[in-house]
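Look at the two complexes coming up: chain A is in both, with chain B in one and chain C in the other.
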Partner chain A sequence: MTAAAISPGRRPGRLVRRMLHGGGFWPALPAVLFLIVFLVLPMLTLLAFGFVTIDRGRIVGDSFTLQPLWAALNDTLVWRLTWRSFYVAVISTVMTLLLAYPVAYLYSQTKGIWRTLMLVAVISPLLTSALVRAYAWLVILGGRRGIVNHTLIQLGVIDEPLRILNTDYAVIIGMTQIHLPFMILPLLAVLAERDRRLEEASFNLGASRAETFFKVVVPMSVPAIFAGLALVFAISYTNFIVPQLLGGGNYATLAVQVYEQTVVVLDWTRGAVLAAILLSSSFAFVFLIVWVGSRINRWSEARA
Partner chain B sequence: MPHIVMESIIKSYGDVRVLDGCSLSVEKGQVMTLLGPSGCGKTTLLRTLAGFVEPDAGRVLVGGIDITALPPNRRSVGYVFQNYALFPHLTVAENVAYGLKVRRRPGPEIKDRVARALDIVSLGPLGDRYPAQLSGGQQQRVAIARVLVLEPDVLLLDEPFNALDAKLRLSMQTELRKLIERLGITSIFVTHDQSEAMMLSDQVAVMRAGTFEQVAPPLAIYDRPANPFVATFIGRANILPVGLRAGAVVDFPAVVAERPDGPADLIVRPENLTLAAGRIDPGTGQSGPPGTVLFAIAQGPTIEYEVDAGFPEPLRVTVNRRSGEVPLAAGSPVSIGVIDPAACRVIERGTP
Partner chain C sequence: MKAMTWSDRLWTALFVLLAGFALLLLVAPSLVVIAISFEPRAYISFPPSGFSLKWYQSLLQNRQLTDSIWVSLTISVYVALIGLVLGVPAAFAAVRGTFPGKASLNAFLLSPQMMPGMVIGIASLFFGAYFAFRASNAMLVAALSVFCLPFVIRITMARLAGLDPRLDEASANLGAGKLETFARVTLPQLGPALLAAGAFTFIEAFDNVTVALFTSDVRGRPLPVELYYLVQNDSTPAIAAISAIEIGLSFLVMLVVARTVGLERLGR
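Up next, the complex of A and B:
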């Protein structure tokens, strides 16, 4: 035991008293309890299934085993699915950023009623479920009579329908659109509230609009960019609805496998192991994104 | 030809006319101060010069060239923002280098000029810090260096000393004045602090509600204010409703005025008045109405009196205090005199 651990500040009495006084924590208590009961515990239970032996729907007592995890890590299929989950999420997240940034910037440059209308337009997709929007993409991208192919054929641009549905393209397109609001909203908040005098200072020093945008506006929004990247990456990487619907029957990602093993095949052990892999790798990637963001943004920690 | 010329600038926001026909010219190398109460349009006028505000009417010329339609990034007008607007994500040196990089100057030249600019404002060793790691005075110097490194034709500063504490303010004021004199850049300051205006400028333009009340050297404004607004904004003044008879003020016969007989207003500074105890005429050239001391306060070198002399407002009189002198008690009868009649102004009754 180190000196710090037994120093007066760490005595239990003090700690309890500090918690009682710690106004910072108490308001969050209901939310924390809710999350523990309805998120953390079920998740731990689910993950635990991957490390015990289940016999006819019952956990065989005292049977901790790493065998299912080992098997999964030695399965090239799992690695292929993880890789696909990853690159689909990366491409979709980057596309989301590229599409969201101009929208958020435009929002920050508009005023009054136009601003309100834009905000409504950004938020309104969230009012329909992701499932409905994925189905909409099915209609748009679908076979010969899908909107895209039909239009292109009518216009004579192509003779044969493009094969978009049931490929990575469809999944990426659908995911990008569905996740767009989650990228726009953090950007929009930061860009709309930014200090315009910095841009004026940049103009005054001789910079053009484009230079000012890339040298001042974008760097100042780095925290929002990385918040959006982390958020959208996490929900893209773990999304199973879009790959399932737009990727078709023979298409799978790691998240789709988790769903199928757990709900269709009813192999809870494998489902739980894959979920553990999905969850921990997702954590690692999100952590990496946040870390890179804070490295780029080191100036914000600079204080006298 | 003056270096900066602004011709009848008009600017409205909605129904509010913020600039109402401002005309101003500044000679090369001179320092002009825009002085006026908050909200009178000083910042707007400065922003018009920098190109951030497009005037509804009027022209802006620098060095004889009309720049009214030029975008801000094509003007050679350095602007020091009120709260400096340093780029928080760039270090001090990067902030100063910004304008040079934008101009695509070669790397060694940038390094050289940044180092020199930082030396001029005595920030040489702090180049690697971020703005958040600097004190207010240091931030201000970075803002000035960032602009000066580009060697602009014109330097604009919007209330540059506002964020500084009183002591630092004084030293920065003198430093900046010396710097501008050395570099010879035509400069326009904005301030609402009259002593700052007196101290820093060759010319002071007193603004009120979007127009200029008076443009003149600081001492001329102090000695010969055009109207009560200017007189009370720069220094203190008694504005007295008086009568004129035979070309002189009735209550102060020593003060002559080339105006027709009748009512008028007299502007007289407190330190241009004197008083003596008793009802006797205090002496040569000193003639005025009798009064009663209402209030007196000794301030070391001077004594401030408020005297009831039959005017609607109490008369304010500042007299030099001799060592050991005690102010007259309230209620003492006194006689008021004008020290220098030529320094009084007689204007039309009711001029605001």
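Up next, the complex of A and C:
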């Protein structure tokens, strides 16, 4: 495909014409080369490292083996961690949707300063580092001095501090909050620009607001819902900062394990194998979400 | 419009409640961090027991932190520049180009956004090790540039798609060369988008920890990595102070984006 555009020997006349017309491939060439060198080759190295013996960053010649992959797949710990990554990601993704939809819908119904303020509230966390927000949750959910526990004890609701930090709850709460903007933004774009005549028609035909919402507005936003679900699932499933900081030292998910193997334990073969498992399983789940989304979208369009 | 039924009222109430809770959830952590950064005592409490700027002053005396801020600023400037230099022409080809395989090119250019930062970081670490480079901040710049390239390309593409190509044609018809047309017709129209893309990339690179943890230099760590180790071991209000500064920086970037391409654009 692009070979014709980049090899001048082949069709010089067309290439020159293209360059003059500005419609050519060549402006993208530097970016493509950059991505090949700094993304494609590193990814291939990562995959390769899972299947060879490595000694101080060097591949020991001719040592191709499936043993590390086999060992990882037979390790019950890996499966347990994958399961935890999965359910934590699923729960927090569903929670982001439940919280994001009302925000996006309310945004589409408001005007003026409120609208701007809502947008600022949604975007500002996106531009604040996840680390800063994880730290904030450490402070909010922490032990006896944590804001939640301190307030509840002061109010006399509880006597002993709740153990939230270092549990699934803390990880799910942190992830939900940190990933919320990624769910809101695609919904907001679709809901704010939707064609409202259908809703008016629905009202005129005697449907209630709730009926109109569920039968007209929600089906219209199905593609955006699933785009958000896929994105938030992927970033939750592969997040290792939040589980590490809010889950505490003994809490691990598949992504945390990948980090520990490569940075702490320095077992790069295992790290590479686990990273490959993490990435491929994440892609598989994302494709599943996208596939389900397109099925539901087709089904709801067929009904409409 | 019909009067609201009981179930309508219930749903509306539930919606407003959920939306309000979500908005509170979005802003509360940042507000808490800013509040506790003014804590006069040596440990965190909320609301803070008084008002003092001593943790901000303590940052200035912490050589390790000020050095890491400097490292991060340098890295982010490089990443933003590389992103613009590579991304803007690429966006040009992706929008204006007419050649076979354009859809695959676009998919390839945006593919880094499918990759978790951690995977890009580890891949760069292994790649560097294979060619006997040690983890260094130059490698981090390369890895972060890969990570951030899609942001530049997407923001530029969105703006380019909204431009009228006839202006360029008119310029060409009036005898301007390709470069002249680009410099005097296209670029001025793209200006705001480039500023937004640069600012957005800068803040993403400045905040990034998932890539940086794997490829950054062991000496001369960037700020997020320094903070990461700090947060794991300690919870002094000094962390809140530096976090508050980061929050302020993000507001600055938001202002730039709002003034140039509009905040709503970021969602698309």
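The rule is short, and it goes like this: the second predicted complex is superposed on the first by the 261 of 304 C-alpha atoms of A that agree within 3 Å, B and C clash if a C-alpha of one lies under 4 Å from a C-alpha of the other, contacts with A are read in each partner's own complex, and residues count from 1 in each chain.
Here, contacts are C-beta pairs under 8 Å (C-beta built on N, C-alpha and C of every residue); 3 or more make two chains touch, one makes a residue touch a chain.
Quantities reported herein were computed from a predicted structural model and do not represent experimental measurements.
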*Would you check which partner chain A:G206 touches, where first means chain B only, second means chain C only, and both and neither mean what they say?*
both
*Using the superposition on chain A described above, determine whether A:I123 touches chain B (first), chain C (second), both, or neither.*
second
*Determine, under the contact definition given at the top, whether A:A284 touches first (chain B), second (chain C), both, or neither.*
neither
_Contacts for A:W299 in the overlay, against chain B (first) and chain C (second): which applies, first, second, both or neither?_
first
*Thinking of the overlay built on chain A, is A:V216 touched by chain B (first), by chain C (second), by both, or by neither?*
first
*First (chain B), second (chain C), both or neither touched by A:R197*: first
_Can you tell me whether chain B or chain C touches more residues on chain A?_
C
*Intersection of chain A residues contacting chain B with those contacting chain C?*
203, 206, 208
*asked:* So in the complex, the part of chain C that touches chain A is made up of which residues?
replied: 1-2, 4-5, 7-8, 11-12, 15-16, 18-19, 21-23, 25-30, 32-33, 36, 43-46, 82, 85-87, 89-90, 92-94, 96-101, 104-105, 108-109, 111-112, 114-116, 118-120, 122-127, 129-130, 132, 142-143, 145-146, 149, 153, 168, 178, 200, 203, 206-210, 213-214, 224, 227-228, 231-232, 235, 239-240, 243, 246-247, 250-251, 253-254, 257, 263-264, 266-268
*Can you name the residues of chain A that touch chain C in the complex?*
1-2, 4-5, 18-28, 30-32, 34-35, 38-39, 41-43, 45-46, 49, 57-59, 98-100, 102-103, 105-106, 118-140, 142, 145, 147, 150, 176-177, 180-181, 184-186, 188-189, 192, 203, 206, 208-210, 213, 234-235, 238-241, 244-245, 255, 258-259, 262-263, 268, 271-272, 275, 278-279, 282-283
*Which of the residues in chain A come into contact with chain B in the complex?*
195, 197-198, 200-208, 211, 215-216, 219-220, 222, 297, 299-300, 302-304
_Residue numbers of chain B touching chain A in their complex, please._
50-52, 71-74, 77-79, 81, 83, 85-90, 98-99, 102-103, 129-130, 132-135, 146-147, 150
